[in-house]
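Below: a set of structures, written as structure tokens.
Presented sequentially are two complexes of subunit A, the first with subunit B as partner and the second with subunit C.
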Partner chain A sequence: MSEITFNHKMAAHCESGSVTALLNHAGLEISEPMVFGISSGIFFGYLKGPRFAFPVFIVRSKPGQIRKNISKRLGVKYHTASFKNPQKGEDELDRLLEQNIPVAVQVDFYYMNYILSHERVHINAHFINIVGKKGTKYIVSDSYFPKLVEFDRESLMKGRFAEGSMAPKGFMFYPTYVPENIDYEKAIRTGIKKASYYMLKLPIPFLGIKGIRKFADSVVEWPKYARDIEHLSHEIMKINVLLEDQGTGGAGFRFIYATFLREASEMIGHSGLLEMSKRMMEIGDGWREISLFTAKIGKNRDLGQDRLKELGNIIRKRADVEEVFFRDLQNIIK
Partner chain B sequence: MEENKSVDLKIEIKELIIKTLNLTDVNPEQVSNSAPLFAKDNDMGIDSIDALEIIMALQRKYSIRIDDQNLARSVLDSINSIAEFVNKETTKN
Partner chain C sequence: MKEKDIFVDYKSHQLILYAEKEDGSYGPIQSGSYITKNYIDDFWLKKKNLEKSLVEKLKEGEISPIYYYMTMDELSEKELAARVKICRSKLRKHLKPEHFPNIKLSLLKRYADIFNIPVVNFFQILIIKKDKEFISNIYKNEKLVNINIEQLPTKNPLVVITRIEDK
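Moving on, here comes the complex of A and B:
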């Protein structure tokens, strides 16, 4: 029986929310946008090929990178563990809770049955914090849920040891060391430089700005991947879901990145970053226009070639605007 | 006086939503200030796509931004909550 006094907060995104809450608990006052920005969370990738039944896009760095980059750039040390044997994973979690250590665990979102059933999908890279245990129930702080919640052991185990792509394998982490003095200016500058590099210069044709262009060029070909109009409509409407509803903080993480730039501007006294923050908010508005456009044409089954070309053109405009943005950002942070 | 302003704002928001969603058969008077907007029995009967349209319409009209889906859920709960948010944000600016 254990329950840690834990300040539960909702967050825009599960991984940055989970990392932030644990850092706050460990005594480091840092906001979620700051964690997201310092860890270079913003990204874009357009993925297709044999591994994917249908092309997909991503709008953030890969799962785990936020924690890893926070560790590198702020000097926070984490204990991490994965388990082949579920029983050992459960025992270790219980042992840590007995010691009043809140722990982040990776789970399949689908089994988080305190969330409304129609909102739950199988995603193996959801992060929640476990902050106590009462009998067979765990006390969960999930940044997508408004309050702490009691969660049954069986569902937690199913979530922690779900199979499939990016299987969690009971992965858990918690901070073991938080430095007293942090060079935030250096961390902010590194986070921005790396994000700009990933967006502008990765030599891979489907990542960063090149990925947005690939997405723009390819969306007209989506009918050939779809079984029928219903399937195509579903996939087009999923663009809206991936940008707005999957814990992105809105507009595919562009708004949370804008908030990071504003907070960074205040923290290091750099007025140029405040201007960049305003520009990033406008970029986010543009992605939100895409969300709405795709939701509407998908819902109305208005998916002819002209409409898809129109969609491609507005996505391409995002690539053009973000390319200029990240070049300017790179230049002002040198 | 403040009360009149609040009533006017709520009517204005209802009119904005009706216009944005092209709900030709709904009058502002029919829409309750406190009823959940997403409830099936609400006269507006809005869905998540409508919600996005409302967010963008509010942004255009009042220059306010709802930039987080958790915030969106609480703000778009009812006409009262939208009015409260608009009032708070526009006063802040």
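Moving on, here comes the complex of A and C:
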């Protein structure tokens, strides 16, 4: 039996939340927006293909990148491990907990049975912190749950060793070294430059700003992928969920990014970033407008071509303003 | 967005949003979910309607139980095949009712683990009477006021206890 004194806090996003909580536990005072911004978490991608039951979009960088970029840019060292053998993965977790080391693990969100059932979907990229064990129950700190929760061993094992795309393979990590002196200015500048590059320059037609435009153009075609009007309504309303509820801090991470820019401007004394922070907050308001619009038209089954074109147009507007925004951001941070 | 414009009072589904606070600073607020608070009934209505139509197809022998659960869980063929560790063409066979009886029990158990159900649920449709209407309970256990239906695992991976409790 082990239980570590761990300061559980809800967070906007699972990966930035678990990374932040572990760094805080290790003694580094850093906020979730700062972790998200330094690691260039903001992104956009429009994805479809046989892997997906329906076209989908992402609003953040690839899972795992937040930890990796924090390691590179802040100099934090992590111990990481994956396991072919689930028993070894379980034994290693128990061993670390016995040593009072809180550990982040990657899981399939579907098996996190303390979360409301309508929220849970099969996605192998959820991160939780395990902070203790009582008998066969693990003590879990999940950014999406208001308090520490006791979680059954069987469900945790199913989640850690689910197969499929991005299979967790029992992946776990915890920080082993946090530098005393961190060059935050350099880390912030690198984080912003890379995020701007990913949004503006990736030569792939469905990623970054191009991805937002692809989404805007494609959403009018969604009826052909849907079984019926209720399925289409469900998928349209999922736009709201993906932008607001699935761990984004609101407006598809745009609000948390605005918070990062403001914090960064204060930390490195850069007034230009303060202005960009206000602009990003306004950009986020536009994404929020999309969320509310999709909820309304989905509920009303108001999903004719005219309405979908209207949706496409307001999404396209986000691409236009974000393109200008990231160019300006890139220029002021040079 | 300002905190007062984004905050939703809804305790059952809490999340963290970032917003402009009253003093002009930006930071996290703990809020309820807008879409869950306002639209959850619509979500369940659509889920129930989907379930009803799939159960009809299941009863008529038009689809296999694998197809039923794959659709309800919003998994693509490719993703489900990868999770069960079989090729996609084999999975496609399993989606057809005529091929379903040929699936090995050990493979069926792998499917059941992915859908997080006991194996027995591939072979039965539980019906409950609610508000004078019989409704399907095959997918996820319906929460009822007067009775509690639970399926409890045993040490035998293929045997489950279905417990019906009068509350």
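Keep this in mind: the second predicted complex is superposed on the first by the 334 of 334 C-alpha atoms of A that agree within 3 Å, B and C clash if a C-alpha of one lies under 4 Å from a C-alpha of the other, contacts with A are read in each partner's own complex, and residues count from 1 in each chain.
In this text, a residue touches a chain if its C-beta (ideal position, glycine included) is under 8 Å from a C-beta of that chain, and two chains touch if they have at least 3 such contacts.
Since this is a predicted model, take the numbers as computed values, not measurements.
Taken together in the superposed arrangement on subunit A, subunit B and subunit C clash. When the shared chain is aligned, subunit B and subunit C each come close enough to touch A:M10. In the superposition on chain A, contact of A:E163 is made with subunit C only, not with subunit B. Using the contact criterion defined above for the overlaid structures, shared-chain residue A:P55 touches neither subunit B nor subunit C, since it reaches no partner. Contact with neither subunit B nor subunit C is seen for A:G208 once the two complexes are overlaid on the shared chain. In the superposition on chain A, the chain among subunit B and subunit C reaching more residues of subunit A is C.
Of the two partner chains placed around the shared chain by superposition, subunit B and subunit C are both touched by A:G284. In the superposition on chain A, contact is made by A:D245 with both subunit B and subunit C.
Contacts of A:Y111 after superposition on the shared chain: subunit C is touched, whereas subunit B is not. Residues common to the contacts of subunit A with subunit B and with subunit C across the two structures: 10-12, 144, 240, 244-245, 247, 249-251, 255-256, 258-259, 281, 284-285, 288, 291-292, 295, 299. Touching subunit B in their complex are the following residues of subunit A: 10-12, 144, 240, 244-245, 247-251, 255-256, 258-259, 281, 284-285, 288-289, 291-292, 295-296, 299.
Across the complex, subunit A is touched by residues 1, 6, 12-20, 25-28, 30, 33-36, 38-40, 42-44, 46-47, 49-50, 73-80, 82-85, 88, 113-114, 116, 140, 153 of subunit C.
Every residue of subunit B that touches subunit A in the complex is listed here, in rising order: 48-49, 52-53, 55-56, 59, 65-70, 72. By the touch rule above, subunit A contacts subunit C in their complex via residues 10-12, 32-33, 50-54, 110-111, 116-119, 121-122, 143-144, 146, 154, 158, 162-165, 167, 230-231, 233-234, 237, 240-241, 244-245, 247, 249-251, 255-256, 258-259, 262-263, 277, 281, 284-285, 288, 291-292, 295, 298-299.
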